[in-house]
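Labels for the chains are A, B and C, by order of writing; each one numbers its residues from 1.
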Amino acid sequence: MVALFVLALFILFIAMDFIVLKVQGKTHPAFEKVLSISGLSYVPEMEIKVPDDIVLSKGHLWMKKNKSGLVKLGVDDFVNTALGNISIQNNLSVGKELKRGEVIFEGKVGNKKLKFHSPVNGVVRSINSNSHDREYSDSYSNWNVELSSKDFASGNVTYFSGSEALNWLRQEFTKLDDFLKLHSAMPELVGATMYDGGKMVEGVKAGLNDKAAEDFEKEFLSL
Amino acid sequence: MKLSEILKPTFWKVVSVIIVTVGLYSTYFRFTRGLGASTNLYDTVPWGLWIGFDFLGVGLAAAGFTIAATVHIFHMHKFEPIVRPAILTAFIGYSLVATLLIVDLGRPENFWHPLVMWNIHSVMFEITWCIICYTTVLVLEFAPVVLEKFNLKAPIKLLKKFSIPVVIAGVLFSTLHQSSFGSLYLIVPGRLHPLWYSPLLPVHFYISCIGVGLSMIIFESYLIARAFNRGLNMNILSGAAFAVLIDLIIGFLLKVFDFISTGKLALLTVPSKETYLFYLEILIGTFIPIFLLSQKKVREDRKWLYFSAIFVIAGFMLNRLNVCTTGLERSAGYTYFPSFDEVSITLMLVVLAMFAFRLVVKFFPVFEEEPILHSKQNNVLETKQIILSE
Amino acid sequence: MLKEKGLLFDVTMCVGCGSCYKACKEQNKLPQTNKDFLKDHLSENTYTVVEQYGDNYARKLCMHCDEPSCASVCPVGAFKKSDTGAVLYDGDKCIGCRYCMQACPHKVPRYEWEKTQPRVRKCTLCHDRVKAGKLTACAEACPTEATLFGNMDDLIAVAKKRLKENPGKYYQHIYGLEEAGGGHVLILSPVPFEQLGYTAKLPKESMPSLTMKAMEKIPPVVAVGGVFLTGMYWLTKRKNEIAREEKKSNKGIKV
């Protein structure tokens, strides 16, 4: 009897946690959609999450519409993985009207600036000033700009969500791998600094030259 | 974290506060009124939920020695990232067990007696000493993490020198006391139901603790992923799951051998409460997880791996509690069910243990070696990011 | 030196008067626990009871084993076998783990559950009286000599004689002589002992020997385990080193 009681208690707490997460609109780690990256030469083995309520744009900004109809935007996992710790510089002010394709903010990597483009038409509602306090948070809770947008779901823009997003990200990472191959002048050297077994490139400071930055923008950040 | 964020009520925060408040009151009640008023224990059922929970806690914390041995003795460095969480789990688990044991002792003020009054024939005496020694080992194994935080390099160097003997000692102490929890019942052949009583009880306990310790690490990884928004390293977890599978199969074969060699097979056809609970234990803790984990697809699927770990843990809980409650019920002639105070004190300690884990993780670099990029802290990201160099 | 003492209880001679029960309570200054002594059970305030099974009365008390489980399992050695044969408990040592109660094959030790500083309670074979050369209180009080006190050798001889002389009257077994390794309370009965609520089917070997079989393996496990782990440490380390060196030399050739 005691055995069944303790077992029931254990199951009850697990079930309750599922329900709590459901009510909060979050996904339990066991049920997350995850893309695992492996077998690439320059991109390390890892897992990329795409929550169900997230929509990705072709320019690697994620969007999430909340109940009041406002859309939060931020940089996705792909960019954070590829560029590391980029600092976002907001040049917009609240109330500014934004057309699709216009620069929404810039990301600073080393001494280079990369332009991110707004995937929707909209009006800037708020800007997250402390978006860099990233401890214990992931890309998708770290938003940069909030817009009110009327054409968020309109058909002529390329968005990805769910398993579609995972497939697209897989292609993007493969593309990134080729990109890194092309832009690393001494592949043997990079190869030698890799971990045993792993694919991690360690200890080399990020140094983007003009050409690489330009190409990266063209390849990955354009709409 | 800001104060406002800490005070922001969430479901689990509210539940935790309630559990701890009620538990504290029960603790006060237990120490002022005695065991008779606060528990449903009885002369023929002297051990109840608390001792049962100690059995669970020690088994679930077994990954502390298995993972340390895998990485430091067998040099399988793939598992390096889970060494620290495993050791921390073991340390907190053992602290919980020790606290609960003191609550359960009739004369808690005499808890230090085994240190000076020896009876080397007693399994309980051996367990007490092994647990004290192993907890010391765990402190030594976890000390570098604390020292790293305060940047004290000299003591870390010193500890590194002794790290291998310390790990070996930890494995030996664990082997002894994990199996000795089974030896506790060797002396009661007339009281423990033959479905569970066996001269091999210590071996059964040892083998099952290895599997469940690893399953607990898997289960815990999901809890950590959920609580700290971290990724899951499926590569490591699948590896651990494979070890669980091997362990479960060995444990099952040993059980079959045990039943055949002692002629207990006929017991399986006797319809009784014990038989049904035994079947349930084997089904949940052995058959289902072996069936699931033997498929590579399951081991690599995060949803199914999670459920497999839950099955192993649930089966283990049934096994240990069957040994220390169900199997003794018939001979005791008394049906024991834990009292409110017993349950609330136990729940309180579980909540406090989880809180302690959270706190340590927040302030010390427990996950530092995890290779997943996207949810890393900033400084780590910088050294591990992918470069766009010339 | 004192010869080891014990009790012989003969069910056929017991009339169920309860004199032993009352004498025990008086001797140990225990409060009344039940108006009808036949309905009482062992507790922290009752060290012996008389139970009725049809026409038979059976006494229950500590069997004072030769190799007591309680003494073997106690982590602090609070139980000791005295030279009188009694198994004695020292409440000052006790930490209250209650393993003795779990381990006792006869389910004898009782606990002061209601106290905040509880002790284990059980029959002491009237240790102080026996030391002073007296009988136990129960044996002294027994009007029919159903409970006999004496040297163990003598008691065993008496018991064997009774079984031999009256084979029809007795179930041919001395309970307590070999059960769980034997003890200092022997019981004779006209019916099989399980019918009188005694724990039958106890193994003849002493209970602590069951534990010792496992405990004996500790030194070899530590020795073999220590050597094995150290060996594996060096082996796997060397293996990794060799693998690394090979990798390096392979690369060297390519360049």
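Going forward, a residue touches a chain if its C-beta (ideal position, glycine included) is under 8 Å from a C-beta of that chain, and two chains touch if they have at least 3 such contacts.
Every value quoted in this text rests on a predicted model; they were computed, and no experiment measured them.
Colleague: Looking at CA centres, what chain is most distant from subunit A?
Modeller: C
Colleague: Whose C-alpha centre lies nearest the centre of all protein C-alpha atoms?
Modeller: B
Colleague: CA centre of subunit A versus CA centre of subunit B: separation in Å?
Modeller: Their C-alpha centroids are separated by 36 Å.
Colleague: Can you work out the whole-Å distance between the CA centroids of subunit B and subunit C?
Modeller: Centre separation, subunit B to subunit C: 32 Å.
Colleague: Distance from the CA centroid of subunit A to that of subunit C, rounded to the nearest Å?
Modeller: About 68 Å, centre to centre.
Colleague: In the complex, go through subunit A and note every residue touching subunit B.
Modeller: Interface residues on subunit A, with respect to subunit B: 1-7, 10-11, 14, 17, 20-21, 23, 28-32, 34, 36, 42-49, 77, 80-85, 109, 132, 134-139, 141, 176, 180, 183-185, 190, 197-198, 200-209, 212-213, 216.
Colleague: Which of the residues in subunit C end up touching subunit B in this complex?
Modeller: Against subunit B, subunit C makes touches at 42-43, 69, 72-77, 93-99, 101-103, 105, 107, 109-111, 113-118, 199, 201-203, 207-208, 210-215, 218, 221-222, 225-226, 229-230, 232-233, 236-237, 239-240.
Colleague: If we count contacts the way the header does, which residues on subunit B are in touch with subunit C in the complex?
Modeller: Listed in rising order, the residues are 31-37, 41, 43-44, 46-47, 69, 72-76, 104-108, 110-111, 113-114, 117-119, 121-126, 128, 164, 168, 171-172, 175-176, 179-180, 183-184, 186-191, 199, 202.
Colleague: What residues of subunit B sit close enough to touch subunit A in their complex?
Modeller: 11-12, 48-49, 52-53, 56, 78, 222, 225-226, 228-235, 277, 281, 302-303, 305-307, 310, 313-314, 317-318, 321-322, 325-326, 329, 335-338, 371-375, 377-378, 381-390
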